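You will see chain A twice below: alongside chain B first, and alongside chain C after that.
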Partner chain A sequence: MTIIQVIASGLLLGAVYALFSSGLTLIWGMMNFINFAHGEFVLIGMYIAFLVVTYLNGGPLLFVGTAAVLLFGFGIVIYYGLIRHVMRGPILAQILSTFGLALLLRYLAFFIFKADFKTLPDTIFPGTVNIGGIFLGMPQLVAGGVALVITLGIHLLLKRTTIGSQLLAVSEDRQAAMLMGIRPDRMQAIAWGLSAATAGVAGALIATFYYISPTVGESLALTAFVVVAFGGFGSVPGALVAGLLIGVIQSLSAYLLGPIYKDIVVYAMFVALLWIRPTGLFGKAA
Partner chain B sequence: MKNLVGVGVVTVAMALSGGAIAQQNVKVGGLFPLSGNAASAGQQAKAAVELAVDIVNGKYPDVTGMPAVGLPGLKGGKIELTFADHQGNPSTGQSQALRLIQQEKVSALIGAYQSSVTFAGTQVAERYGTPWVVGDSVASNITGRGFKFTFRVTPIASDFAYNYMDFLNDVKKMGHPVKTVATVYENTDYGTSIAETLRKAIKEKGFDLIAEIPYAANTTDVSPQVLQLKDKKPDAVIFVSYTSDTILYMKTLKQLDYKPPIVIGDDSGFSDPAFIKNVGTISQGAVNRSAWDIGKPGSVTAKINELFKAKTGYDMDDTSGRNMQAMFVLADAINRAGSAKSDAIQAALQKTDLKPEQLMMGYKGVKFDETGQNTLAATYLIQLQGANYVAVWPEKSATAKMQIPFKGSE
Partner chain C sequence: MSVPILLRVRNLEVRYDDLVGLADVSLEVAQGSVVALLGSNGAGKTTTLNAIAGLNRRSAGSVEWMGEDISELPAYTVVSRGLTLSPEGWRLFTQQTVEQNLRLGATVLKDRTRAPALLDRVYDIFPRLAERRRQRAGTLSGGERQMLALGRALMSEPKLLMLDEPSLGLAPAVVEMLYEKLAQLHRDGLTLLLAEQSVPLALEIADYAYVLQTGRAVLEGTARDLQTNPQVQRIYLGIDASN
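Our next item is the complex of A and B:
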C-alpha cells in the first residue's frame, strides 16, 4: 500500500518537475540556448503569486494569470534587452549572460523580499484527496494537471499552428526562414515570452504548496536541467515523461534505499542514459 | 603554505599595533549564512549580534545587568563589527574567515550557524591564533580537537540528547505510551553528530530506536521520509533539521495525513521565526529546545526582546539568543583583556566566569573547560501552543501545561 503512495507522490513531484522544465526545453529546442536564469523566472512567478495573494487577496486564476502575463512581457524584454545581443557573441558569453542574469534576479529578490521564507495560505487549494488510503495533495494535483495542459498546449502550438511552424522554421534554418518572410527576432522573442510565461505559471502554482525564498529557484533548477537533458533536448513531451520518471525514481529510491541515496540513483541513471542515448529519451539526433 | 602563515603573522602583528595606536577600537568578525538556504536564520543571528554590540557600546543605557556594558576596560574604545556571508558552505566559511583575519584584521570571530561551517572555519582561526566564540553550532566534534582558540557557549548534543530522553520518560509517567523513537536528521555535521549522540542516549535510557532517516537539507521533497515514518509508527519522532526542510516536513505531514504522537524538533529550523509564521498553524504541539525566555515585562530579557523586535520585526528566538549571548561573552572577554590583541582576548576568554544573573540565556553560567566548551550550558523544552512557544519542561521552569499528543492543525 505504502509503495503505491510513494509512486503517487513521485508522480505528483514529477509533474511539478515537468511543469518547471517545459519552458526551459522550449528555449533550448528553439535556439540551442541554455537559460540559466530559468529557476529565477520561476522565482519571480512565486513572488508575483505571493504579492497578489497578500495585497490584492486574489484567487488562483488572478495570481496565475498575472504571473503568466507579466512574465510573458518580462521574457520579451529580456530577449530584446539581453539575449539578442549576446547571441552574436561567443558561446561562453551566452552561457554567462543568463548565469549573470540569474544572480542579478536572485539577489534582487534578496534585496526586495529579504531572506525570509514565505508561504501562501493553505486555503487556496485546500485539502487532500484520499483515494483508498492514498493521499494526494490538492495543490499538487492542480499543479500536475496544469503541467499536462501546458505541455500539451505547447506541443500543439508548435506542431499545429502557423506561429508554431514559424518558430520551428526559425530554429531549423534562420536564413531560409527570413527568405520566407518570417522575422526571426519576433519569433524568438515570442519563444522567450512563452517560456517565461510557463515559468511564471509554474512558480505561481508551486508556491501554493512550497516555500518561497530567494534561493528556491536554485534548488529546483538543477533538477530541471536533468529533466530537460533526460527527456531530450528541446522535446516538450520528453520533458513531461522525464519529469514524471525522475519524480518516481527519486521517491522510490528515497523510500527504499534512503533519502540520501536518491540523487545517486537519479544521476547514475542520467549518466547511463546519456551514455547509451546522448540525445535523451525523445531527442532527435543532431 | 609557510609563506602564507608568515604573511598572516605579519598582518596580524600589524593589525595589533595599529589597534593599539588607534583609540583601542576592537574589530570583531561575524560569519553567518546571510544568503543561501539558511539565510533567514543567519540574518536574525546577525541582527542579534549587532544588538549585543550596540548594548555593550553603551547605546542603550537602560539595558542593565549585562557584563561589559560601556566597555570600561577599553578606555573609550568600542567594538566594531564586520560581517561575512558564507552561504552555508564550509569552504566559503574558511575563505571568509581568512579574509576577515587577514584583510579586515579582526581580533576575534563569532559564528557560524551551520556546524559544518564552524568546524571548517575554526581550523583557519586556530592556525592564525584568532579566538572564535561559537554561539550556536552544536556538533560535538567542534570542540575536543585540541584547539586553543575555539570557545563554545551553547549546550551541545550530549547535553540535550539526555534532556529529550528525560522528557520522554516524564511523558511516559503522565500515562502516554512511549517506547519507540525515530530520528530524522540532515546529513551534515549538525544532524549526524546529534543523531549519533541520540542513538547512544536512546539506547541507554531504554527506548527503542526503530528508524534513523538521514537526508540532505536542500532536498525538494520529503514525502518518502514521512512515508517511512508512517510505516514504522514511532511513538516519538525527533527532527534535526534546518528551516526549509522543516517547513516541507510540516506541510508533508499534513498532506499525507500523518501525526506522530510526539514531535520533537531540535532547535534550528523549529526556532527560525519563519517556522511559526509559515507552518505554525499546522505544527501545534511541536516540542523544541530553548534556553531563551522573554521573561516578565520590565526584565532585562524583555527589554532585549523589545529592542530586537523593533530592529527585525520578530521576537527573539533561541538561535538568535544564543548568538547574542556569545557576543556578550566575547565582549566581556575583550573588556577584561582591555586590548585588541587576539592573544589577550583568548587568555581572557579562558578565564571567563559569568554567573546566571549576568546572562540573557537560561544557562547556569559560562565557564570554559580546557576544550573550550562551556560547562554550565543548559537547555529547556518548549512547545508550540497557538502562536507562541511556551516553556513546558522541566516542570519547575514550565509556564504552561504540556499538551500530548502532537495536534498538527487545530
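Our next item is the complex of A and C:
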C-alpha cells in the first residue's frame, strides 16, 4: 500500500513539473530558444502567492489568478524588451541574456525578501484526503489536479484553436506564416506570455506546500530541463508524460533508496536516456 | 478605356549583402490579366515575387499596388491588401491538418464569417482536399500539396495571386489538371502573376510575359509574340547567338 501512496504523491508532484515544463518546451518548440530564467518565473509566481496571502489575505483563486495575469504581462514585456533583440544576435547572446535575467531576478529576490525561507500558512488547503487507503495532502492534490488541467488546456489551445494554429505556423515556418498575414512578433510575444503564465501558476501552486526562497527557482529549472529533454523538445504531451514519470521516479527513489538519492537517480536516467535516444521519448528526429 | 493596372514594379533591385539578386526588373500587371515571369533557374523569378510580397527588402526601385507604394511594407501587411503569394516549394505547415492550413490562409479576412464559404469553394475546386481535410499536410502527395498551397492562397480572397513555379516537380497529368484549374480561376476573374520555368506551359495561359535573365528583365511582350520569337528560346536556354 505504501508503494502506491508513494507513486500517487509522485504523480501529483509530476503534474506540477509538467505544468512549468510545458512553458519551457513551448518557447523551445516555437523559436528554438532556451529560457534559462524559466525557474525564476516560477519563483516570481511563488512570491506573488506569498504577497497576496500575507498582505491582501487573498484566497487561492486570487493568488493563482494574480500570478497568471502578472506573469503573462511579464512574459510579454520580457519578449519585447529583451528576447526580440537578442534573437538577432549570436547564440551566445541568447543564452547569456536569459541567464543574466535569471541572476538578476534571483538576486532581486534576495534583496527584497532576504534569504529566509518563507511558507504559506497550511490553512489554505487544509487536511489530507483518503482515497481508498491512500492519503494525499490537500495542497498537493489541488496543485496536481489544477496543473494537469492547465497542461492539457495548453495542449488543446495549440491543437484546436485559431491562435494555437497561428502559433504553430510561426514556429514551423516564420516566412510562410507572414505570407498568411500573421505577425510573428505578436505570436512570439503571446507564447512568452503563456509560457510565463504557466510558470507563475505552477509557482503559486507549489508555494502551497513548499518553502519559498530566492534559490528555489534554480533547482526547479533544472527539473524542467530534464522534463523537456525527456519528453522531447517542443512537445507539450511529451512534457506531461515526462513530468509525471520524473515525479514518480523521484518519489520512488526517495522512498526506496533515501531522499538524498532521488536526484542522482533522475539525472542518471536522464543521461542514459539522452545517450540512447537524444530526441527524448516523444521527440522527432531532426 | 484602359484596364486599370493593379501592380506596377519599377527598376526593382535586391541585394543580399554584396550579391545582387535582382539588378533591374520592371513589370506591370493589369487587372484581369495573366502575366508570366519566364527565365531559367537563378534568373531572379523567385526573388522578384518575394520582393513584391514583402519577404525580401528591395535596395532600389519601387513596388506600387493599386496606386499605393508598398515597397516598405512587411509581408503580413502586403497580403492584407489582396496581393497574395503562394511561395516556391509550397511552404505548407506540414504539422497541421489540411483544413488548418486552409484556415490559416484566411487569416487576413476582415470578415471571418466568410471563411466557411471560402473553405467550401476550395473543396469544390479540389475535392481531393475535402477527402483529406483531417490529414496532416505533411502526409500529402506532391500534387495534393500543390492543390493545398493554391487553396490556401485562395482563402485570402486575393485580387492578384502570385504563384512561384506551381508545376515544379509534378507529374505531367497533375500539371495539366492544375493549369486547367488556373485557367478556370482566371475566367472567374482572378488576376495571376506566374513564375514558370516551362515556357510553353506559361505562354499557353498568359496574356503577357517578361523574360528574366541574371536578375534583369531583358524581354517582354504578348504571349503570342513571344511564342514566335526566336530570341526567347535563346535567352531561356542561355545560348549565346554568336556561338
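As a working rule, the second predicted complex is superposed on the first by the 284 of 286 C-alpha atoms of A that agree within 3 Å, B and C clash if a C-alpha of one lies under 4 Å from a C-alpha of the other, contacts with A are read in each partner's own complex, and residues count from 1 in each chain.
Note that a contact is a pair of C-beta atoms (placed from the backbone, for glycine too) under 8 Å apart; a residue touches a chain by one contact, two chains touch by 3 or more.
Because the structure is a prediction, the values reported are computed rather than measured.
Comparing chain B against chain C, which has contacts with more of the residues in chain A?
The larger set of chain A residues in touch belongs to B.
Go through the superposed model and pick first if A:Val228 touches only chain B, second if only chain C, both, or neither.
Once the two structures are laid over each other on A, A:Val228 reaches no partner at all.
By the touch definition at the top of the document, which applies to A:Gln166: first (chain B), second (chain C), both, or neither?
Only chain C; A:Gln166 stays clear of chain B.
First (chain B), second (chain C), both or neither: which does A:Ala196 touch?
After superposing on A, A:Ala196 lies clear of both chain B and chain C.
Name the contact category of A:Ala176: first (chain B only), second (chain C only), both, or neither.
The second partner, chain C, only.
Could you look at A:Ser251 and tell me whether it touches chain B, chain C, both or neither (first, second, both, neither)?
The answer is first: A:Ser251 touches chain B but not chain C.
Going by the contact rule set out at the top, does A:Phe117 touch chain B (first), chain C (second), both, or neither?
first
After the superposition on A, what does A:Phe209 contact: first (chain B), second (chain C), both or neither?
first
Per the contact definition, I'd like the list of chain A residues that touch chain B in the complex.
2, 5-6, 9, 13, 107, 110, 114-119, 122, 128, 130, 135, 137, 140, 209-211, 213-216, 219-220, 223, 250-252, 254-255, 258-260, 262-263
For the complex, which residues does chain B have touching chain A?
It is residues 34-37, 39-40, 42-43, 187, 213-216, 218-225, 227-228, 230-231, 243-244, 247-248, 251, 254-257, 272, 274, 277-279, 281-282 of chain B that touch chain A.
For the complex, give me every residue of chain A touching chain C.
Where chain A meets chain C, its residues are 162, 165-166, 168-169, 172-173, 175-183.
Can you tell me which positions in chain C touch chain A when the two form their complex?
53-55, 74-76, 79-80, 84-85, 87, 91-96, 100, 103-105, 107-108, 152, 156
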